[in-house]
Every structure is written in C-alpha cells, then in structure tokens.
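Chains: A, B and C, in written order; residue numbering restarts at 1 for each.
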Amino acid sequence: MVEHARNSRLSRRSVLVTPAAVAGGAVLSGSASAPEKAGVVRQITLYAEPLPGDLYGYGLAPGEATIPGPLLEIYEGDTLEIELVNNTDKRLSIHAHGVDYDVNSDGSPLNDSFNEPGETRTYTWRSRKQVDIGGNRFLPGTAGYWHYHDHALGNDHGTIGIQKGLYGGLIVRRRGDLIPDRQFTVVFNEMLINNKKAPNTPMFEARQGERVEFVCIGHGNLPHTFHLHAHRWADTRTGMLTGANDPSPVIDNKNLDPGSSFGFQVLAGEGVGPGAWMYHCHVQMHSDQGMVGLFLVRNPDGSMPPGAQAAIDRFRQHHHVAAPQADHSNHHG
Amino acid sequence: MVEHARNSRLSRRSVLVTPAAVAGGAVLSGSASAPEKAGVVRQITLYAEPLPGDLYGYGLAPGEATIPGPLLEIYEGDTLEIELVNNTDKRLSIHAHGVDYDVNSDGSPLNDSFNEPGETRTYTWRSRKQVDIGGNRFLPGTAGYWHYHDHALGNDHGTIGIQKGLYGGLIVRRRGDLIPDRQFTVVFNEMLINNKKAPNTPMFEARQGERVEFVCIGHGNLPHTFHLHAHRWADTRTGMLTGANDPSPVIDNKNLDPGSSFGFQVLAGEGVGPGAWMYHCHVQMHSDQGMVGLFLVRNPDGSMPPGAQAAIDRFRQHHHVAAPQADHSNHHG
Amino acid sequence: MVEHARNSRLSRRSVLVTPAAVAGGAVLSGSASAPEKAGVVRQITLYAEPLPGDLYGYGLAPGEATIPGPLLEIYEGDTLEIELVNNTDKRLSIHAHGVDYDVNSDGSPLNDSFNEPGETRTYTWRSRKQVDIGGNRFLPGTAGYWHYHDHALGNDHGTIGIQKGLYGGLIVRRRGDLIPDRQFTVVFNEMLINNKKAPNTPMFEARQGERVEFVCIGHGNLPHTFHLHAHRWADTRTGMLTGANDPSPVIDNKNLDPGSSFGFQVLAGEGVGPGAWMYHCHVQMHSDQGMVGLFLVRNPDGSMPPGAQAAIDRFRQHHHVAAPQADHSNHHG
C-alpha cells in the first residue's frame, strides 16, 4: 500500500525517479522475495547547464536546470544509472553521498571520473539493505537523506561548481517508509539558501496536516544551524521515533555544516496551527544577512490563515543584504 | 514518588514552575487517565529588564532579572502561560524552542508577536506526548532540553537581545524522568559563558554523588564545543542509556552551536572523586580567552576536598582577557 | 573467541596495550564473574619528545614519538597506568577524554597535574561498564572512541602542545566488540590532518573486505567535517546498527570539531570495490588547501587495483598549499 500511496502522488512529485527495468544480478539487494520486490535499475538523464547570473544547475531535461537540482529518490536495493549530459563549457561531474559506486562513478578528478565540456557520461549508484551479522550487529544499509554535488568544476573538489549551484538532494528510502505529501530541499551554501538571499529564498507551502519532508544539506565554507519554527523532529534516520523508549533526542535546531545532510518528516502545523513560520540559519549574522525563509502552512482547505499574508508582506520588506536574483529555485511539491 | 521527590526539592529549585490550575480542553495532552495526570496549565510572569553594563535579563520578579533567565520546567503535556512584562524601553519578545505555540506566541516580529516598550503580553507554550502511529513509528513528543530567547530586540531575529542576555533554559520533562538535585544552565554566547569571561564565569557546585543536570545552550555567531572534565554522558534525550544494547555514543564533548541545546544528568564526581573540575569550550582560542569555568564537586558532607581551594585560587588568577563585569549570573541549584 | 581474534593480531597492532597485571580492588569494574574477566591494570610508558620542525609527539619508546601518538586501547573495566616521561624542555601533560581519573591525573595545570621539563609522572585512567539502575535507565559506561592530548604546554589549556602534535587516539572497547584488522587515526587539527597537508597526509591502506577502524579526532580552532568516499557508517557507538529497527542515522560526513572524537568500522571496499578513495574535510577551502588524503583499498590479494596508481600519482601532483614536512606520521595498521 505504500506503493499505492506513492504512485497516487507521482503527478505532484517531479523529483521521483520512476522504474526503468527490473534488475538482474547487478543489483545488490539481499532479498528477492515476492512481497518485497527485488531492487530495480532506474535510469535518468541529467543535464548540467549554465544559468543566468554565472550560475549552474542540474535538470531532468534541457533548459530545465534548477538550484538545487531535482530531488532524486530510490528505494533501498535499487540502482540508479545517471546519464549526465554536460551542456557547459566547463569540466564537471556528479558525486553522490551515501550510495555505492565504483571508482569510475566517484565523480572525482582523482579517479578520472568527470565530464569534459560537452561530454556525456554515465554514473551508476547502487544501494543495499542492512545486513544482520549476528550479535545484535547490523551492517548499515543505504537508506538515508543524502545529496549529490559537482566534484570537478573549478578544482578537484568541485568548490566552484558547488558555489554556483551544482547540488541537489538524494533520498534512499527503505520499503515501508512513509511517503510524504510534499518535499522541500533546503541547502545552506555559504550565506545563501538554495543560492538565494531573503526575501528571495524559497517559500515552502503545505496545507495543515499534510506530511511534509525536509531534506537539508550543507555546503561551502561556513558552519550553519538549521532551525524551523513551531515544528520539531527526532534526530533519527526518519525524524520519527521507533518506540516509546527510543533514546534519540527530539530537536528543532541542528548543525548543517559543509557536506552534511539530514531529513525529517513533520505534519504541517501539527499542534500549532496554520501560519507563516520561519525557517532560518540560527547563526545570528547569517539570518540577519538573509539566510531565512518561510514555511507557509495553509488552512486544510488551502485558503490563507489569518495574518499569514501580512507576515509574508513583512518578510518581503525585510532589509536584508539581498541583491536581486533571477529565479531558478526548485520548490519541490 | 517522582512527584514527591520533586516537591521535596522545591525550596532549592528557583527554576521550577509550580502548578497553577488543572487544564481544561486547551491542554493537548492525549491522556487523562488517573495514574498519569492530565496536563496542567502553569502560569508565570516574567519581567524583561535592563541590567548594568548595557545588558538585559529575564526574571521571575521585578528587580530579579538574571543572565541566563530562570530555568523553566514543565512536564510533557503541560501548558505554560507566560505573562511577559517589558520593563525596558526596547521592543523585545520571548521565543521558545521545542514547544507548541500558535503564531501569536511565536515571539517574532514576522508574526507581529512581541512586546512594545512597557507592554505586557502573554505567550502560551504547549507540550504533548509522543504518539504511536503504528509500524514502529512514534510522532515525537515535546520532552527535551530546550531554551527560550528574545526574537525582537534590535532586529527581527533578536540578535541584539540575545547578545545582551535575553535567554534561558527550558526543560520539558517526561513523567517518570529522574529529578536532579542540582541544575546548571550553561550558555555559550559568542566568546562568553552566561555573558561572562573567566574567572567570572559561574562556578557550579554539588556534593559528590548528587545528581546534577546540565542544560547547555548555544547562541551568537560562533561554533563551540562543550567539554566537561571527568564526566561523560550518552548522546540521548536524557544523557543516560535505555538498555544494554542502546546504540547511542557516550561523549564528553559536544557541538554547542547557535540555537542548539542539549542536557544531561551525571552523578557528581562518580568514579573520579571530588575536586575542582573544568568545563570549557574546547575551541582552543575560546578557552584561552575565557570560555572556561569550574564544576566544584565537594565531599559528600559538603566540605572542600584536598586541593580544591588551591585550584580555585589558580583559576581566579588566570590571565584571561576578562574585563570586570557586574554579577548578574544565575547559578541554579 | 574475541580474545583469540585479538591476540592473533597483536603483532600487527602496535597500538594495542598488553595486559600487565590483574587488577585488585582499584579496578572499578562491576563484574568479576568467571566468563567475563575482571578489569586488569595495564601499564605503559609514554615518552613526550621534540620532533623536527618545532613539533612534539608521544611515543612508546624513546626516539619513537609520532604524530598522532600511539593509539591506546583498553577493554571497558580495565585501568591504564601511564608513566609519562617528559623528554622536552617544556611543561606538558596528558589529559584523557572519556575515562575516569582523579584530580591528580587530570593533566591540567588547574589541578597541578602536569610534568615539569624532564619530569616523569604517572597518570591513571580507569574505565567502567554501564550500570542498570532500573526503569529502562543505564548509567553510561566508558566504552567509546576517545582521545588524549596535552593540556599544559604553552598555556593552561595545552593550546600549543596540541598545535604541535601532542595528541592521540584512545579506544575503550566493550568485551564482545568486533576487533578490526586495521586501525587508522585521523586528526583534523587546524588546516592539517595529523599535522600534515596533502600530498603528505597519510595514505591508509587495506585489502578489500578487511575490517578497518577509523578513529577521528578534532583539534584546534576551526570547525571541520570528516567525509569518506564510497563508505558509510551508522552514527552510533560502533558505527554499526544494533537491530533492524535501530533509529540511528547512517552517515558519511560528520562534524569533527575541536575536542570531539568518534570512530567506526567499515569493510574496506564493501559494495564499491577496491580503489583509491578520498577522505577529506568537506569544508571546501579546507580540502582545497590540503585537508585531504587517500584510503587505498587494494585487491583481496594485496595487489593494486586498476587505476589506483594513476590516482595516487595525480594526488601527489596536486597543487595544494603544502609546505614540505618531515614524516613523523603514524599510519596505524
């Protein structure tokens, strides 16, 4: 039934990777039992393209590059084959966190794994389930809130590619995990959110009670902390607890430092009602200089709750140090 | 019996919020069964006031403002109504982490939720228990080591209010949690601890074997790490483990970055004996410049252990870059 | 049988502390039952010595000091007595994280616990098991990936001693924990790894399928994040999960800020194959300036996999800001 819920929302989820072919022996999934499908191989083409303002982005079709790139999602056990088309005049690549890949798909110049200008190259990412090795020990699987980014533009670490927008979220979901109604990718990259400053940062929208999923990624050179008003989550793989005695802390503020990522699901406005809620970096000078955005929780029927439009208007009049930017943002959901 | 232990220590716990009235329908607690009391509504008045040295503080009575403000504490399921009296000539507010509040109690200028100079305004914070939604999934409750701070003085993010002392700890305790003998709030705020530099930082005191609770909060613009000598804790909700196979790491050094908070309980001097133990930021230049204090573990009878006075004397002669400051610190316990 | 596995590898593990004498009443271990041995007292001598380049190191014999110092390891319940010989003309000490010690073994000038130039002094570190106190609560034990460092050279916080190399890893292992085939200590200290810049940073080597253990330690003044390509671990005490429903996130990038430490075990090349894999600080300017090294996973028979030598050659030609340095590194395993 998870599959059903998932498919029913495909139309709203630009980010979801659709199955391409059933996998053969290449798939690492440990189980091929009937009720739990064997891993599949999913194939997509990503286009790395220049964007106005000396930026770059990844997109699922030519001319559709966004910052961040599309939120990619597979089930644990699946394989993702990415044909990366480099429509720029720069060397670049795609490097994934969290998944399995051989040296040819590392995305690093170190391993000669990148696209020359104009070149098309395939990167293969595999995933696998956790393995019980006895003695109350499980080798970790691949499920998690991960991310991908360039590792070759400008230098051998992708420093310039990342700075200019070549990054996105990657979810490896465990079968049975709850499927959200909305998904938002939040990237803290230097003093920007998704390469924007307030008031041009993304306004994420949901209706009260919808299950929303935040995928949070840190990049650049600075330490950050992600804070969301009026909502909290467990510091676990999913943002939920696994039982009444789960030891995990519940938090609403978490380090989001370069290369790190985490995700969580919350019910929009649960216990607090609809409204315009802030999300921001809690480093004070970062929020002061524009690392802040809005999570608009609408009424269940989609209408605006009292005061929300006034809050949005106030937000847009903030005097952050915000230069005008073209809108290439990707507001998932 | 937890209640008994708790009440027996009321006289020593300035921070404890006492019950005001049994809650009606406004309380979000999911359970009203007899043995586990329904949530109650607790009402307090906080006074935001100027302090010498161009500082500000919150206090439970006029003229009693401290930095940090009083450590507030409720049980999961309770509601806290805070009447905030603004006895300053600045716009300010109170914004809470971890609890539920509607937009009117957000404490943010964005939601028009603040006190004008001289104004009194009520903020309502609610809490709730975790909810079993099946499939080994629990929606997190509110229990945790949280904090509150200004969100309106100086700018829309409370940057100046926080800088000048408008912050404090907030504990939402789960029924059945162990009640400590002593509580200490430690706020790393820029290069200061509780807005002090060594040797004027708080000296926390306990007797060997007492259960002490540290509530640690990060603020400002800088990354920090909190280290306590000779004691350690599990990186869990409570600082303890939940079973022999609990996977959580045990640590004695943890990031304490802006907007983050955590807490833990330890038995003073357990396994190490009494003495003057350092706590400090482990960023070297931060400790060198005064982000260090003492946790004095006395003998069980309250007397000074050998060498402790000499250590205190050494500490007071440190040549930190410590400007003289008036003493508005709040040494809980 | 864990003991057997452990002993069989003694010859390859320079870091392992061998038993010296069975402990008497001084050992804090709560259990002395037959199948689970009582804690033992282990005795070692460490030599703090000057190294070329105005550096310092700890070593297990005169003239054998390394940066980092030897990786020390005990079982939970054991006691470690360290006779520290100061073969330098500076005041210095050894301060441990995670273990129990009385004020005389604190390693801090505050507690008059340090070695004068030329002085020999004994520091005693104890460890203990977790204790079930009922109600699903366990007081944490000492098992963990810890570290030790100077706390007296240059100033009262060991800032200069740490800067110049006086640090190392400390493992307190729980009986039954898996014993690795290889161990690597990675210290992020200012802009250096083990006080080196690329391409002089350590190249850690293992054969595909070997169980390798990383011990990661942060020092200095800067925030860092440790990232390892093509491998991941659970954010738990061991890096593994404890069951199918373990809530812990699986990660491949983690904050490694001053004073913090963590460790994990992975199977070299598992699911990804052999090759030259990067490990680096994910703060972009840190990796750009040389905080990067190689984890060389050889073929199971020890031969070089295709492309690995080319990758190593590329790495050595990187134009990092890397001044030539003498090689005092300690490549465990």
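Note that contacts are C-beta pairs under 8 Å (C-beta built on N, C-alpha and C of every residue); 3 or more make two chains touch, one makes a residue touch a chain.
Note that this is a predicted model, so its numbers are computed, not measured.
Although chain A and chain C share one sequence, what matters here is the overlap of their interface residues, and that overlap falls short of half of the numbers used.
Rotation angle, chain B onto chain C, C-alpha superposition: 120 degrees, expressed as a multiple of 5. Note: centroid distance chain A to chain C, computed from Cα atoms, is 33 Å. In chain C, the residues touching two or more other chains are 136, 223, 234, 238, 241-243, 245-246, 248, 255.
Across the interface of their complex, chain C is touched by residues 136, 176, 178, 223, 225, 227, 229-230, 232-234, 238-255, 267, 270-273, 275-278, 280, 282-288, 292, 305, 307, 310-311, 314-315, 318 of chain B. The touching residues of chain C, when paired with chain B in their complex, are 28, 97-98, 100-103, 106, 108-112, 126, 128, 130, 132, 135-144, 146, 155-159, 162-163, 218-221, 223, 234-238, 241-243, 245-246, 248, 255, 257-262.
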